[in-house]
Structures are given as C-alpha cells and as structure tokens.
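Chain lettering (A, B, C and D) follows the sequence in which the chains are written, and residue indices restart at 1 in each chain.
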C-alpha cells in the first residue's frame, strides 16, 4: 500500500502518521518526490484502517499495490485449479458443456432436453428450479418440484446437475441433489450466501455480477475460498453497458484476463450475455477461440413456449449444430 | 405492449400469432405502417409469454408501453405515501434525518453518537450490525451484539433505529428490535429477502443498487409491496459510473424522477454516494434543494478510528454544522 | 413512431394533437388500451418535431418503432456491402488484415514494419501521423512528415495505407496519399468531419466511440453515407466499462449484431480494445470466430521504444505467430 | 510515478531498468515489499515512455501518483480563476446565468427570448447556430445566419453572447462575434479544435463529454490552457449512465469535486442533463446549493414549436419563476 501525502505537510505530522502505522506491524519507507512525498507500507496491510488514513489531513490518496484477493490469485497458486465433479473435471484442459433449459418446467421438458444434450456430448444438465426474476409477477420457478425433476433426469441419463441457489435455507437440499451449485449474477455479492457455500465442499459456479469488475468478482470467489471451499468455477455471462441491441455485453476479454490473474477455471454463458438465440453460435465459438474452459448454453425443446428466457434458447436442432462446430474447434469435450 | 413485425411477413403467420395472443385474454389491434406492421396488445399483458413472441420468426421487437410496476406507480396511486415509524412519519412533507456511524463498534461509540445526533434534531439513529464488505478480510460487523447496542441506545435516547439486514434468517430479530429495516445496494435484487420483507409490516428503506435503473429499483419495491408491506422508503445512495474521483455518482435526478413516477418517499445518502466526508455537506444541501424527503448521513465520534467507511463519516462537529445549515433551508425537521 | 398518451386526457386535446400531426403528411391511428391510449404515426416521421410532442401536456412518452438509420440499414439494402480499396475488397467474404505501428516514428521503423507485415500476408499498412492523445504533453505524431513516410512505405512495398484524420483541413492531403481514411473513436461524432468525408469517395474506417451504442455508431456512418460516400467500414475497438484490468472492453457481440442490422463490413481492433499485447492473440482469434471481416493490429519492431501505445503492440515475431494461427482458422486472407 | 515489479525478477534486469530510467533525468528509489518490489520515479515523469515500461517483462503495473494536469490543477494555482467577459466575471463569487434557446431559429424568436431573459436578470444569451445532431436528417442550425441574429440580439439588449463552435474553420467568425465560445460534449476531445481555441484569448465554456471522467475533462481544459488561453469555464451537463428515464445523469458531485482539484469556474446545465423541462427547476436549485458558479438554461418562447430540444426548454414564464427562486437562494446574480 502506498500513501501519497499532500504538499506542504508539517514534518511532525508525517512522523506521527508513520508512528501510528508502524505500531501495527507495518514498516514504512518514505520517498520525497518533486511535488509529493510518498510512504510505502510494507507488511500485511490488510490490518491497516483506511478510514484512519483518509481522514488524516495529510494524506492525498491511497494506492493499492497488490490485488486484494489471495486464494484466488495466480501469484500465490501458479498452476491451474481443476474442479472435480463426479467423473468429470473442469479446468484441466478439457472442455465442459453445460446445457439445458432456463427453467425446469415439466417432466417431459427436462427429460427431452436431457436426452438430447447427452447425445450431443454434454456431461452437465442445467435447469433453474428457483428463478430470480426482475418482476414479482413473472414465473418464479417450480421450486422443490424442479429439483425433483432434475434428480429424475440425472437418474435416467447420468448427466451431472447444475442449478441456481437463491438463499441459504435452500443449501441442504442443493448439497444433496445438485452436482454444481450456481450463484447468479444478482447474488454475486450476497455475502451471507457466499460464506455458507464456502462451508460445504460442493463445486460452485459463480456468475459475474452485471456491473462487477473482475477484481470484485475474484473477491466474491475469495469469500467462498476463504471459508474452505476451493471448488470455484467462474462464469462470464455478460455485463451491463449502454448498448440496448443486446441484453448484456459479453466481455470476451474476461477469459484471458481471469486466466492471467487467477488459477480458477472460467466458462462462458453466451445465452444470457446476448439474450438472442441467433447470437449464441458466433459468441460460443468466440469463447472457445479465446480459451474458455467450457460453455453454459440454454436449450429448450420448444423455445417459443418457454416460461422464461425463450428468446435466448437454442432449439434442440440448433444446439446440435452448434456442438458439431464446437467439436471441430476443440477436438473433444470434457471427461 | 406493442409488437413490431418484420417486413414482408406472410399474412397467414400474422393471423396465427394474433390467434395465439387472443387465446389468452388479450385483444390485438393491428396497424400497417410504411415499412413495418405493428400489433397493439390490449389487456393484462403480464400473462403474455415474451419468449413465445421473440422466438416467433415474424416479430422484429417488443415495446412495453406501460411501466411494469403497479403498486409503486403514481399512476394508480396519485397521493404521496407516508410511512409511519413510531411517532414520526416519512414522506408526509416533513424532513427526516437518519444519522449515525457506518458500523456499531462499541457501547461508548454508539451512545456518544446517539446523544449528539439527538441534540442536533435527528429522530433516527443508523448503525450497521452486519456489514456487507467487498473483502472477506474486512471487519464484518458486531452482529447480534451490534443490535443489542442499538437497542440500548434507543432505550436511553428514544431515537428510532435503522439497521441493515443481510439475510432472511436475521428477520425475526430485526422485526423485534429495529424500527426501519434497511436493504443495502448489493441486496436490491435479493428477491428471496425482498419477499420475506413483504410479509412483515415493518418499514423498509430500500437502497438503490449500484447500477440499477430507476425502473429496476421500483420493481424491487414492487416485490415488497406485492407481498403486502406498503411501508417502503427509497434511498438514493449513488450509482456506479466511470468516475474515479468519487466512490459513486450521486444521482440527484432520482429525487424528482421518483416523485414523478412513484408515490413512495425518497431520501438521500450523500455519505455513500461520494465516499468523502468533505463532499457530504454540498450534496446534502443539493438533495434538500431537489426535494428529498430526508437524509441518511454517516457520523462518527472519531472517524479516523472507524472500523469501516471512516473516510466518508462526518465528525460530531461537522454534523452539527451541517444540521444548522439544513435547518435554515428546511424550516423544521420531521416529527 | 408511437405516442403513448397520459391517462384521463380530454378528448378535445387528443383530436387537436392528431390534427397537428396530420397536417404534416402523417397519418395517425389510435388504439385505446386499458390504462393508456396510443397513437401510431404512419409515414415519414423524420419531419415530426419531437419537442412539440413531448411538450404537449397529453403525451406520456414517444416510442420509435424504426431504426433511425436508412442507408446503413440492412432492411433497405439486404446484400453485404463490399468496399473496394486498390485491388482489394473488404467485406466480400475475404479477410482483411491491417497492421502497423500506432504512430509513424521514423523511416526505418515504418519500412521495417511494412516489409514484415507484407511477408505475413497483410495487404494494408496502418500508421498514425496525427495522434489524438489525452494529454497535450504526449507525443502528437509526426504530422505531414508521417504521411510522407507512409507514402514511401507504399512505394516500396505496394501495401495500401490506412491513417487517422483529425480535422477537415487535413482532408486534401489524406485523399491524395492515403487509401483508407480512419476516423478515431473520439471523432465518431465530429459531425463536421463526417460530412466532409461524405463528400469524397475515399473509403473510411469509422471506429466506434468509447461509449457509443451501435445505433449511434450506425448514425455516424449514416452522416458519411447521406453525403454520398458509401465506402464505410466499421471498426469495433472496445468500449468503456467499469473494468480497469483492460484499457477498454472489446464488444465481440458488435460483430454479429452489426451484420444483423447493417450491410456494412465490420473489422476488429483487438490492440486498442485491450491495451495489452498479450491479449491481442486470444481476442483476434475470437473476432475471427465471431465472423469479423478483418483485423486491425498494432505491430512495432521494438514496442518498448514505441512513442505511443507500446504496451499493446505486438513484436514482429508475435505478429507472425498470430498470422499463422489466423490463417489456420480462415483459410486465406483478403485479395 | 510508481512501478510495481513482478515477483521473482532477476536483480540484473531491475538494475538495467533503473539505468534506463535514470538516463532520462529521473531519479529512482527502490522499496522491497513482502511480495512486490516497487520503484518510485522522481522528477518530470512526463518524459518517461510508458510503452517501454509496460513492455518490460519485469513490470507488473504503473501507478500515477500525480494528476496529469498542471495548469488546471489547484495544487499549482490555489486561488480561484475568474474569467472576465465584457463587464462581467465568472468564477469570482457572483452567480452567472446564461439563458436562451437551444437553436437560434428566427429574428423574432431570439429577440423575444433575449428581451425576456434580460428582464429576469441574465447577462448572457445562449443560442446555437451550428447544431451537432445525432441524425444527419435533423435540423442542423441556421449557421452564419444564426450568428448574425445573435449579434443583432446583442446590439439591442447588450447581452453577452454564448454559442457553440463545431470546427476550426468557424473560429475567426466566433472570435469576432461571440463573447464566450462553447465546446460541446461531443467535441470535448476534439484536440485539433481545443488547440486552436488555446491560441485565442476568447473565454471558452468546455462542456464535459458524455462519458468523460473529471480527469479527462480537466485534461481537455489543459489542452486549451497549454496553448496560452487561461479563460476556461467548465460546464457539467450530465453524463451517460444506464438510466433511461432521464436523457443524461446530472453529476452534481462534479461541482464540489472540480472546485477541490481545480481553480477553474464550473457552471451547470440542467437542461441537457435531464432532457425534461419539469426537472430543470429542482436540479438548477440543487446546483446552486452545491456551489456552482452559474447556470446555463434553455428557454424558448414556444417550446412545443422548437426545432431542437423543445422537451427540455423552459417557457419564458417558467424561466421567470425559476429565476425568482434562484435569486432567493443566491442573493444576487453576477455583474
């Protein structure tokens, strides 16, 4: 941490500040520039109270030298993390495909999708049982019944199950019946939920918040990891920008950037990122080309009857076509 | 709801779409423009499945004519809502001041602030017991003990208590010991929490999400109101923009705009909006001039020792000076 | 154009508004919904004065049905536009590579780059003679001398020249010596410049403004096309978002989206979009996978000595490696 | 400037970098932290080539300690700047009101407005002769004829004239006939234009770009000042955010923030900031409360017939009412 001091500060006050800082295990080195004096704080600066510093009338500003995340930081963990889910691994070089409808709607719907995505090579079935909708008047998911149907689909097809959790009181059930617990964009900073997820060992897909920076996203991963659960998979699903032609703006640069700063696997969700089914194919291929560890794609046997997000769902047929093209790019899918 | 159809669409398909729509209590009127045909959907369009429509290969786009919020909409509730809290009301024309530290830190700290803000005319004491921090390594609040201390401060001073809830399992305790439950920016779309808050009658301060539009904010209010709790107070606390000199960008226009579209009271939090104590005064005065129903301000007896947000806290002295100036503008504070 | 009227409006006022509108070649159709009445305006609504409408005390809001761009709109020009530059075409299915340094710095520098990018298959050489820098104290480009050196490089290598114009008084020189005139992000809405560019027939690369929507970008293309120059190539170069780890956020979805709404060719500039040389390769490949018509890439013989944008420049060697990979994806480069 | 080095860097390479840096008048001080080594660069770091540094394979990142603007920086010019325009001054403690229509439309229109705003105390008349419109099909202003009419209004009323310039070839005429030259938001980074404006002594109102940070805005002021013209007035006119209920988001915090970092005067334009006439009054009052040096307000004798921006124009009557309220807050208007 570096403190830039104001100009024309009394020597006595600088010494006082240094004394205060050094009283908490920090060593301070001082450099006099042309206009500003800077203090470099050496040691574990997490204990430093920034309020104290910013309120000091001699500090102009604080600069953080180091990324605030530790466990998620590649600096301290140079090899890629691989997350084991059933017989599969995510992040170990193979490519994972998670496919399925936005919401679980009926036994017939989820089984139809499950059978078809399995045929095209997916090892993971996604399906929402609890849906976070902007409007209280929209379909909110089948709840427990949705989880029952996902379990049924798993029993029949062997696909691993991915579903979104909305609150801590659902955790026991999710740990029991779901293979990867998904945290949605709106809950990326629901810290109570993240802490609870850190106390189980179930893999977690952490979606990026709609206007979160990569640093904030990694800090949310840190919340889970700091409690003991290292099985975190990041998922880029588009951020909010001024653009209105797309639902969100897919931040393709998150893929190489997360790989640079972190060792965690990163997958891409081109369905939410665009909100338009006809854009899923070009963006899915772009994510593969940029080095993603996997894809999460919405598929529905009958998108025009979907109770949520029909506009961004692929049909079974267009999903199959996409998988053929991805296979050509990738060589072979995960596990 | 209006559907803009693509150009050169077969008549048969248009008729089919109209039939589908009309099967669900919707009346459709059709207008032929120069390049486009539009369909106006008349009736309760909440039941219309937009996925169906967007997947239809004849629809170019959907336009919503009406705001999606009903209970929060001034159109259906022209008079201002006033929220009763103890002997006070918020939104009825008087001006409410909610002051106190970011976090409750100790008995001495909270009692000192409580006594002082009372002297300067505040009727409400704020203080965080559970703190949503970006980093898991930052101070997370005193928890239950924090609520105990707030209760103590209320017993001594009679101030009404405002504190932030983070998860549904805290609800019983908050209902018992807190006078207004605050929902923070990061939980504005924690729909599980909003629904639970809708099932109690306790007043709720709903802070605007960091990148939420006013429409999304009002939809979150709608979640609470749709469950039965009409005691919602909105709080503008700054939105995220590209600016880095301030912590957030205080959206002053939210004040007249919310008053235009909704009947709910709106207060302003210039402390979080700027992140700098020396900007609190000009922005607090701006909020008063723009017509806010109240202010939420961070005050600390010793900001440079604050465990959170010290940089944006007023001292007791500067708080007193601010209140004098606000009183000159306002005439008189609430209740 | 659709007008949503306020509720409870006097019939007389509605009729008056309709009469006013119909006096200017517009036909009005009226639909009565449950809460709102809407007026559909049919005809060339460009002549409608929106101020008149919004000031009318009976109109709640205006909704535009049709995209405001005409000449750039695929609706009215279904086939792809191909832009002819020398012996090459851009947008006709082949893939165009434009490579070179951010700024022209010396004869040796530009000739070295020109020879090398030619070897790797580029047909276009980029180089800035006039540089729009955020700071007046930064290197502003060699000016006329820079254009002389580009001309020299063209004479020796036969590469076509791309360079950025900053103001209308440079136009004659650019028309004479440059093959494609580039308009930078900061000038995307410099309408005086766009109009002048519309009056020549030289191809124009129009970069997207840092916070421009796709609609605004196409409207800027429209400015050029409306004056008569149809040779417009769009270039996605990243938009501003909250992210700080990258210089800009590369909006990969612009590629399929522009191809959907417009017939103009679109190329990608992964160098500016990321600001980091090591991200150029994954994003360039993503752009190819998403369907871009070409790439603009910064290459410098000695990036650590570059007078501008060294951090995002490829070395000659890494450029060569990138071209090999692109060739594997594409098959063959343009012309 | 501070360089954070990567971990585990060879000593030899660090020494080499220090030598390179010190060869250009920079002194380097080195501090070894727990994970990172930092280098503090002391001296005039404007000459340092950041490309060199970022390309060096031992540098993790560059941190700027000092604001990049010098002439606009309050650090080097502690007293407020006052700009003299005719007999008036802006920034000297008095409050300046600049009022008038968005566009000059006719002799009658501009004279009517001029007479009325004068009566209510304005000393400055604004009116656009050249209009930067998003669409090439919208009214583009009367051009030279508009400037003639403003001159006429000045001759009759004595009001000082403010009008927007779009390109350098208009400069001679503006210097002759206009009292303050306005640079619009879209031209805030039209550096060719800024440089030319720096070479005259005419006062300039520099509007903030739609997505510009305060630092970039001050850097654009620096462009003008670096060429010799110190008469720069900043104008906050709203920034782009995700909000759609307002045209732009008025950044009220820019007022105290600019006063903190710079000595230049700052005025507010609530008309463009909101795009709705009924929001002008609350936001104008907020700007006064926050400490603005003046206001720029759109007034039209007949907003519903305005050729541009009618939706945000006050009528003569509502303007008069606003001025009465502002006068109550302010005491007395400028000059």
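Here is the rule we use: contacts are C-beta pairs under 8 Å (C-beta built on N, C-alpha and C of every residue); 3 or more make two chains touch, one makes a residue touch a chain.
Being a predicted model, the structure only gives us computed values, none of them experimental.
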Query - Shortest contact path, subunit A to subunit C, counted in steps - result: 1
Query raised in the report: Going by the average position of its CA atoms, which chain sits the greatest distance from subunit C?
Result: B
**Report entry** Mean-CA-position distance for subunit D and subunit C (Å)
**Finding:** 26
Query raised in the report: Taking each chain's centre as the mean of its CA atoms, how far is subunit B from subunit D in angstrom?
Result: 32
Requested in this report: Compute the distance, rounded to whole Å, between the mean C-alpha positions of subunit B and subunit C.
Outcome: 39
Query - Junction residues of subunit D - those touching two or more other chains - result: 211, 240, 242
Report summary line: Per the touch rule above, subunit C residues touching subunit A in the complex are 211-215, 239, 241-246, 249-253, 255-257, 260-261, 273-274, 278-279, 282-283, 285-291, 329
Report summary line: The residues of subunit A that touch subunit B in their complex are 46, 49-52, 54-56, 68, 132-137, 166-169, 186-187, 189-193, 195, 210-211, 216, 219, 222-223, 226-227, 240, 277, 303-311, 313
Query raised in the report: For subunit D, which residues are in contact with subunit A within the complex?
Result: 2, 4, 7, 29, 31-36, 38, 40, 42-44, 63, 65-66, 75, 240, 242
